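In structure tokens below, several structures.
Note that chain A is present in both complexes that follow, paired respectively with chain B and with chain C.
== the complex of A and B ==
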């Protein structure tokens, strides 16, 4: 054969297959073990199939295991607020860079540099500062603030990429046609960057939902999901934790799918408008 | 749907608005630029004290090589670029500091800049939407303008579903619906293939004539400028080299830059003088009573009715003669042949000196 695939194709394919196995293999183990029979332990072999660990999880009005029920809702509440703030601040910050201003480079790099600072020190620093000021940490200000130090640089980077691809002449054309800056944003820029804005909300939510290094010391009383799980895993003796893993994954996947559906329907609505006539 | 073939362009001519000069004063120029300069951050001047008057209802081309300041000049007229120094007047009103939408101009962008999320119709209706014109009315108005550019059948297509030429028509309609006194076009034909370019060129001229407004068209194509213009403005290094009718610029270039840039000219140093001679007035036979220069043929381009012969003199100066095919095939010379390049003294142009 003349156009045989080169050796590198097979090497890279093998590498990729190994990567997939490494990524999803352990997760599949967790999902399987969450259906462990009532007699089964935290490792293979499976001793029958059952939903008993899910039942345990939801027994006693969700107080079957630790404080998972409440910490889940705390995480959702925190995640939604962080996602919304990340979107608002990220989009505004991204827009501010559409025009160069004195010190814009400094603002950009100082925001991006915070990504390389280990989260645990950011969290510790915030908590230390609060103590110096005589403030008690609480989720609605220091918790949210600590997580924003993590999600905002990402939002800014995403905005930079999206806005960087947005042709400046769209804005000029809108101005030329009489648009005020608010109209320009509403009618031209926002519709064009909408998929990216949804992406920022998603990134904001997921980065908050799994974050504990920064929030941990600054959340006040009441654990969030990752903190509660870390605590429970250390003392776990039954597969009930695997059931948590399965449910959390399902939850996150449904969010991702919902996002894709929303983005898809935006695209479809645009498509429909063309075929309507 | 019945297509209204007798579309009346007169309805689309700009209204007289407040801020116009009082009745009785004669508005002689559509555009005036008075000693306009542009420099970035105190650096070199991209546009250097240019003054220009464009008469009423003219087709004006700003012509020059890339980086000559022609696009900057256009963007200053549009208000998308601040004027560093000088004044810009549209219909006798000083608009130097006016907003882009408040100066009676409309700009058509090189990339067309059609909003990709809006249909052709919504793109054209965009400026009316900003003015809160009711939907039915603005769509009807937009349709009128799509008719003007013969795009009514594709009104509901998205920009991505339109060809380059169709996108351009939509962009034109979107600009014209704002009823500009002056339409500004930034290299409008450069993205089109050569066939479409010639077609759109005559279309632009037709629309300009029908509407009776001034078009200012930036181009680097000499052919385009000569074909379209009532007025050609040749620019180089941020300065105006020459402004005049197409014929003036072609027949009487004001300096060697214009003669070379406009094409079809030989700039020859002969007996201590620099003159330009149109290539179509030059011959490759010895001329009795004419100027004769020995030269060697370097290449021959057959162009149908005409044949272009490139030559080089003994002191390595390039020359060019354009002769009719009849004359060429009567006695065809060959590449590498040593010939006499000649012209008549009457055909010399000494740049007004």
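== the complex of A and C ==
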């Protein structure tokens, strides 16, 4: 660009840098302080440098970490199932919107409602309903169901956006060539929306992994990760929680990178196939 | 061969069942239970208005609504200002798509750390021995640590702003990206200053984005109890916190009545904003 940047560009760049500092500052504190020495506390300065808080986290007598190990695996299990169901139910519902049908507005606005109603009310309502029906909440039905009310609207929105951009002529070409509706979906639509479908799986997993307002009252016995962490916050006096933060962030980081790699390789393979023909 | 309409219904059925059975019916149940009597840890299915009269009779309960409205207003104002400025910078000043994507990704990465950890991450910054107090003491601006930085309404609002600003940036940036560059260029060619372009061209065109962002922010603040509890050290009381406390004490009908009041406020607000913007059209665009 040849034309000179106006003064406002430099002011706004500084502003944006300050905002990034505001976002990252607390996180950097967590990562640094998780390597705090054994004598150190939850604030700076660092008193030495050690892995002692990670050891505390994994040792049998790890104090201040509650039932984190089990709750982590419960969250993973829940997240995987919610992600899978979100993908199946969300993609199907998204496909339904490609035609106008009576009731489509109900489906759309019920999802918007579920998205904007604060989570505790959905969770509280489900738990009241179970109580009046005389049912005991358990993770495999009410826990999963409560989280689907949160993950499905996002799946629907993602489908809305990707189907809105889908060029209908591909499909029409397939129909003209005699493809059945199943073939049309398998060979034409699915490959085109695959990146979005992976996005839905990812959104389903992360929204479940982070969610506790809806699932909390309906999960039955055994906390999930965010519930357990929230419970431990008030009593936290050592940097062990920061060690949890560093490790769980690394975990999320690897999931996101893996997703990007998978999407990337799919796109590459498709490109190869296109050039081969 | 199935008719197209039947196929659409079949595709939408599981989704519709979940939304009906797990959102609409449960919300109706809250409404019904708010009119029921209660004993210790049980709901007595008899008509009882006490849950409702208690809310409006108690100054404490009314004060919690005032508190949450104040918080929502402050957080909304600040996130709108920050969100607009950042979105404007990303769309109109960052010229390459590559850097725009990098900057947006950079804003998303901190959210990969889970919520509770992001809350406790403020202890080393805002605590009595935190960096902010250390810095202020080091500069001899204060003699003793400021205690209201953490576990106060101040820290509640700071953390809300930290967690929610991106929810405002997203919709506003999305609306801005849809404004045709020709419109902005035409205004510039007519001699409009940057400030005039912002106030006369951009702001009127991004109203849908502002409405969607506002919905995100206001519903998040009004319905949250976890963040308020953690960041205020249980010192600030909002309706959501009161509801959570009553649920934990198995007092379901009064919790239900408080929930209905809050829900009506939130949904009325969302309803007004949705009149200003057609989300379905916005998404398909």
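Brief remarks on what is shown
Note that in this section the second predicted complex is superposed on the first by the 264 of 277 C-alpha atoms of A that agree within 3 Å, B and C clash if a C-alpha of one lies under 4 Å from a C-alpha of the other, contacts with A are read in each partner's own complex, and residues count from 1 in each chain.
We adopt the following convention: contacts are C-beta pairs under 8 Å (C-beta built on N, C-alpha and C of every residue); 3 or more make two chains touch, one makes a residue touch a chain.
Since the model is a prediction, treat every value here as computed from it, not as a measurement.
Of the two partner chains placed by the overlay, neither chain B nor chain C lies in contact with A:265.
When the shared chain is aligned, no partner comes close enough to touch A:14: not chain B, not chain C. When the two complexes are overlaid, the chain among chain B and chain C that reaches more residues of chain A is C.
Look at A:125: by the touch rule set out above, it reaches chain C but stays clear of chain B. In the superposed pair of complexes, A:170 makes contact with chain B only, with no contact to chain C.
Contacts of A:59 after superposition on the shared chain: neither chain B nor chain C is touched.
Once chain A of one complex is fitted onto chain A of the other, the partner contacts of A:254 are absent, as it touches neither chain B nor chain C.
Within the superposed three-chain model, A:186 lies out of touch with both chain B and chain C [touch as defined at top]. Under the contact criterion defined above, no residue of chain A touches both chain B in one complex and chain C in the other.
Within the complex formed with chain C, the chain A residues making contact are 1, 5-6, 8-9, 12-13, 15-16, 19-20, 22-27, 29-30, 33, 41-44, 88-90, 92-93, 95-99, 101-104, 106-108, 110-114, 116-122, 124-129, 131-132, 145-146, 148-149, 152, 156-157, 160-161, 164, 181, 209-210, 212-213, 217, 225-226, 229-230, 232-234, 236, 241-242, 244-245, 248-249, 252-253, 256. Those residues of chain C lying in contact with chain A across their complex are 4-5, 7-9, 11-12, 14-16, 18-30, 33, 43, 82, 85-86, 88-90, 93, 95, 103, 106-107, 110, 112-125, 127, 129-131, 134, 162, 165, 194, 215, 219-220, 222-226, 230, 233-234, 240, 243-244, 247, 252, 255-256, 259, 262-263, 266-267, 270, 279-280, 283-285.
Residues 167, 169-170, 172-180, 183, 187-188, 191-192, 270, 273-274, 276-277 of chain A are the ones that touch chain B when the two sit in their complex.
Contact residues on chain B toward chain A in their complex (touch as defined above): 78, 80, 99-101, 106-107, 109-111, 113-117, 119, 126-127, 129-131, 155-158, 161, 174-175, 178.
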